[in-house]
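Listed next: structures, encoded as structure tokens.
Each of the two complexes below includes chain A, the first together with chain B, the second together with chain C.
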Partner chain A sequence: MRRILMSLAALVALAFATAQDDPLKVAFIYVGPVGDYGFSYAHDLGRQATQEHFGDAIETVYVEDVPEPEVEAFIDQLVADGADVIFGTSFGYGDGILAAAQRYPDVIFGWGTGISRAPNVLTYMADFYQVYYLNGLIAAALSESGDLGYVAAFPIAEVKRHINGFTLGAREVNPDAEVAVRWLYNWFDPAGATEASEALMANGADVLAFTEDTPTVIQVAADRGYPGFSHYASMVEFAPDHVASGQLVHWDTIYIDILEKVLDGTYTTTNLEDVDYFWLLEQGAVELGSEPGVPVAEPFVDDLREVVIDHPEFGEIDVYELVLERRDQMAQGRDVFEPFMGPLEDRNGNLVYEDGYMPTLEDLLSMEFAVPGVVGPWDNEPQ
Partner chain B sequence: MNGLRIERRGAPSAALVWGVSLGAVAVAMLGTGLLFAAFGVAPLEAARVIVERTILDARGASEVVRRAIPLMLAGVGLTLAFRARFWNIGAEGQLLIGAVAAAGVALFVDLPGVLTIPAMFVVGFLAAAAWGLGPALLKVRLGVNEIITTLMLNYVAIYLVRWLVNGPWKGSSLSGFAYSDRFDAAAILPTIGTTRLHWPTLVLAVLAAVAVAWLLARTRFGFEVRMMGESPEAARYAGVDFFRTTLILVLVSAGAAGLAGVGEVAGIHHRLVDPGSLSIGYGYTAIIVALLARRNALAALVTALFLGWVAASGDVMQVALRLPSQITGVVQGLVLLCIIAAEPILEYRLVRAPRRAATPPDAAGPEAT
Partner chain C sequence: MDVDLALVLTTLARALAFSTPLLWAALGEIVVERAGVVNLGVEGMMILGALAGFVVAQSSGDPWLGLAAATAAGVAAAAVHGLLAVVLRANQYVSGLALTIFGLGLTGLIGRGWVGRPLRNPMEFVDLPLLASVPLLGPAFFQGQYVLSWLGLLAAVVLWFVLHHTRLGLVVRSVGENPAAADAAGVRVLWVRFLAVTFGGAMAGVAGGFLSLAYRPSWGQGMTNGLGWIALALAIFALWDPLRAIFAALLFGALFTLSFSLQEFFAPQLLTMMPYLFTILALAITAVRKGAGAFGAPEALGEPYARGRR
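On to the complex of A and B.
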């Protein structure tokens, strides 16, 4: 009997010892396949960079292609597998994450693009609106017609923010520029994106931007020799000479920050109620570029340098300089430069932000209006 | 000189049906094992982990049953339709319409709390039954192929749901994402403990299976349905009212799928969601459930559990065994392929045939059904 007890005690001690050395187990749940070249691919690049950053201190795993209503079942499995931190990357995982978080109070959850929190659930988002504004500057300078096209997934606040930012940028370079929008009502729809791109170009657009999860728009635009923009990760390989710039994400900056704070005990399972990451250029969560480190692709730099405008803030300036100036301003902080700074009117002539008004995070997250220069249908538009 | 000859069997015996079905599943499991081995996962160890997490674990088991619930309801309905050789491929659409109707009640109809859930089930049943009415009428009045019409209506239902969640029913609290608002507590089904097992729908599914089995075995209607399926000419000669019988059986079949949809929105989603999330192809998997159950309503409960287990095992394969997500689909396909491939064994047999003698086809085995 004593022997059994002793070996039991030894086992318990062993369990404790290994528990001490166990790396923090971090799980990622993706809504698409990691090979989608879009949202999930970008998250997985972030996961890999995070793993590399922490080395043996953490162990990351991922599950892909998880349907939104099934996320709870996957969380069950991941917790059974010993996950300490679980990141669910899709808005539609919210109900499942919040329900599971109650059931597993000892696990820390991150809800990507989420809108509500709990003691053990934080939310995080890397937002592109500033980068779209920069792309707008570039697009207007590259366009001969002044007609730009935009293929958009859903008329949600995030995408509206992107389109508005893009349009504000375009009009800063060319006050007559117009951005025609086509909605896909889908995140992943290559056929629909092809059709939308063709229609936009048939109506005169000669530069195309997009918010959806495929490189389709770039490819279709390139067939006509028109420039496009990378989304999430480098899409240069899909149209080597036609990707002018783009919006790139570095989810790892957010993941690393969160996990550092989990490891040093700042974040626990009881104090995340108010932890919401909405990271921008300033925090390095997003980047302007056709590929990392290349803000404007080489062949297009000269095109931008040739377009010199008379700018109210910078005087005579070429657009390449303007793009870099604006990027560096925003990288210093929203208070240095904010594209949506008041006064701002919507396209129906309503004053949405008073002169000198700095839109809050709430304002940005609930943006429903369209700025002047946006052309096309717009759901839930304030009249 | 003796040769081998393939000939039609009579009705296969129950033992043969079981033997062949289980054999097919066994072959599929063997194939899955080889697949696992190819990915460097020890098959027996994998089997142990899967069983441990899906059957021996309470929560895992609850997920198996939870996934089986919509398969049971839709599958039971299909057994009835398939008995009469009405090939209803539209359970997916009927399920979605049931969900839409229930969501409409939950979101927009002000009822006393206790009546909300029953009203959702009744309205969901009726709406889905009405959805099935068109193909039924087209078939009995104009002879239009119901496989085409029911299948096509699935897409209409999918786009209807998509339009609703993107348009008029889009929630106000979701920063523009395409979901309806969340239902009130009165419109949400109770679950067992903290699981997602919405037991009222499960009870309903079992009752539906018993009811359909009873209808088929013990009523004049059931007799007519079987006769229509087994020998339409004889049924016509016997004066079966094809119009009335087809209409009723399609209403029941589609209505049952509608109940599955009600259970999904009221028990799982608690709101109307994108059709791709609302039903992960339950209406199509239910076809396999019904066929695998050999069109027997009570057996459909068992086959639904089996397919629910296959789906739940997919989660384990990804998480615990680190297999790629696509492998779940491959394994499910393998199981279905083996089952369908085994079908001819039940219909035909190999006989050693001397040139002159031909065994009369009806001489085989005792009647099973």
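On to the complex of A and C.
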């Protein structure tokens, strides 16, 4: 009897061992170096947390600094190395991923920030517009002049959505606040970001926000004593006393959810055509904070508490409380609070969303208008 | 029209700050090209200087030590070009381009561990005593600037004097205009050219160091982002004259900063393409007026020299 039990145990152990010997191979392709303290760094933090979550059930590898036109060659190599799931993190990888997905029908692909899918290609995105709205509340409360500055990479829907969210937040605290926007037409341009920030501050802006891939803006603002916001990952180190809050991402929430569904067989190489993650505060994919766990940096909490406004929904409330209230509302779901809820007019006075209209995902992904309070050029603006 | 004085002063102040790396690198290239050598490796030498400067300044805590390292890195990189293009008479354009590609690649590789951290002890804005309180000029150029910006202006004046009013300058120019004649007069052409190339490397190294130690006190892969190419255009636009380079650099700097402050009125691309447009114009004008002499590219620019050969 004892012998049978022992051999049974050995069998079970062997079964586990085989399972462990054959983990799901997951590869990540990054567009920048993992040390960029921005987009690719955040993805790699997500990869590490994902690996930790699954332990031996998956095996992750990554390649960094992969130029967008060359992504197919890297996919070929990763598939040759046995990758079962491949995540390409950049919008510009789209053509390469979709082409490779046809060549490798047995591999599951994830296209980060992507827009089109295939039976074995899903898309995923952690979007910041709600967090930018919260940063807007904070920025308006910290600004003496009511003039806020925004350094933006490209006039595309994603960035426009960020700027609009930020501006709506700012105007909720200060109805006269204005957000001046300067475009870099570049994701990476340290000199341009420097001069854009300087130009904004010379024009009176005393709080700066940004969507681009360097910590330049907070460094330049701090040189003049003005606050800024972390982007993707904590940038507190770049300006220790001048990062008020920011938008942080947790890609691992998305990666873990996808891989769980791959492991349990929900996602296969034939049914991903309609799988699109657009994750927000509600799913914990993004976070408000200068660094993880710190929604508003300590020195700025008192500044926000000192600003008390008469709010149509909450009555007398200080801005620190307002920020947390709004954050918690959005964490419960878009139906509890949505910054872009109709009625919404653009800055030219057109009604873009009717009273009570809840903008769809499609609306958000194709946002071209500018809300009132946005100042500056705006390509492809509907008249 | 109501001229906004504040905008003019800020534009000038930012133009000086932004144009500092352009001026340093362009002054170096002016000397190199005056000696008859083209070095398209400015971008590569700059980025090597930026990384070397950052690494040494971050490790030692002293940005000026970092600047020395940046200069040395520029010299070392330029020496490679000097060896290939001057001594071995390889194609100058290919060698320079290779240097740029090599510099960008190597710094990307070595710089990995240094990305994402701010420089702990950067060069700060300072006011220049006395001159800072001069009306208009003070706020435009002498308040809240980097020391290297003023040293760049000074270097331009000194270089102009040396090139045009000293025997050394005559020697440098002679190997760029007519190396055979200079050789016949006893000038060691290859040595002069080699040293000019390394001097250009030192200046490009300073330009790179300025970026990572003062202007953007951090290391980012590819952080020169094309400034080296603008510096090359600047050397030509200034018609190889250090004094004109000051005004050309300030003009390029003003156009760049105005492309942001005037974004509401002009498409920024309109202003940022101006430097290149001006350079093309300058080249065209030079070509047309070449017959008039005095005014133009060094005669032997880009031609390797070997005694007794043409």
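Assume the second predicted complex is superposed on the first by the 362 of 383 C-alpha atoms of A that agree within 3 Å, B and C clash if a C-alpha of one lies under 4 Å from a C-alpha of the other, contacts with A are read in each partner's own complex, and residues count from 1 in each chain.
Basically, contacts are C-beta pairs under 8 Å (C-beta built on N, C-alpha and C of every residue); 3 or more make two chains touch, one makes a residue touch a chain.
All figures in this text were calculated on a predicted structure; none of them were measured in a lab.
Undergrad: Output check: A:33 vs chain B and chain C. Expected answer is one of first, second, both, neither. What do you get?
TA: A:33: touches chain B and chain C.
Undergrad: Looking at A:154, would you say it contacts chain B, chain C, both, or neither? Reply first, second, both or neither.
TA: First partner only, chain B.
Undergrad: Taking the superposition as given, does A:95 touch the first partner, chain B, the second, chain C, both, or neither?
TA: first
Undergrad: Give one of first, second, both or neither to describe whether A:74 is in contact with chain B, with chain C, with both, or with none.
TA: Only chain B; A:74 stays clear of chain C.
Undergrad: Once the shared chain is lined up, is A:65 touching chain B (first), chain C (second), both, or neither of them?
TA: both
Undergrad: Between chain B (first) and chain C (second), which does A:115 come into contact with in this model arrangement: first, second, both, or neither?
TA: Touch partner of A:115: chain B, not chain C.
Undergrad: Where on chain A do the contacts from chain B and from chain C line up?
TA: On chain A, the overlap between the chain B and chain C contacts is residues 33, 65, 185.
Undergrad: If you look only at chain C, which of its residues touch chain A in the complex?
TA: Interface residues on the chain C side: 6-7, 10, 14, 18, 108, 112-113, 115-118, 125, 211, 215-218, 220-223, 225, 227, 256-257, 259-261, 263-264, 267-269.
Undergrad: Within the complex, which stretch of chain A touches chain B?
TA: Against chain B, the touching part of chain A is residues 33, 61, 63-70, 72-74, 76-78, 80-81, 91-92, 95, 102-103, 115, 154-158, 160, 185, 365-366, 368, 379-380.
Undergrad: In the complex of these two chains, what residues of chain B are touching chain A?
TA: On the chain B side, the touching residues are 53, 57, 59-60, 63, 162, 166-167, 174-179, 182, 194, 196, 268-270, 273-274, 276-278, 280, 312, 315-316, 318-320, 322, 324-326.
Undergrad: Of all residues in chain A, which touch chain C in the complex?
TA: The touching residues are 32-33, 35-37, 41, 65, 182-183, 185, 188-192, 194-196, 198-200, 202-203, 214-216, 219, 223, 237-239, 375-377.
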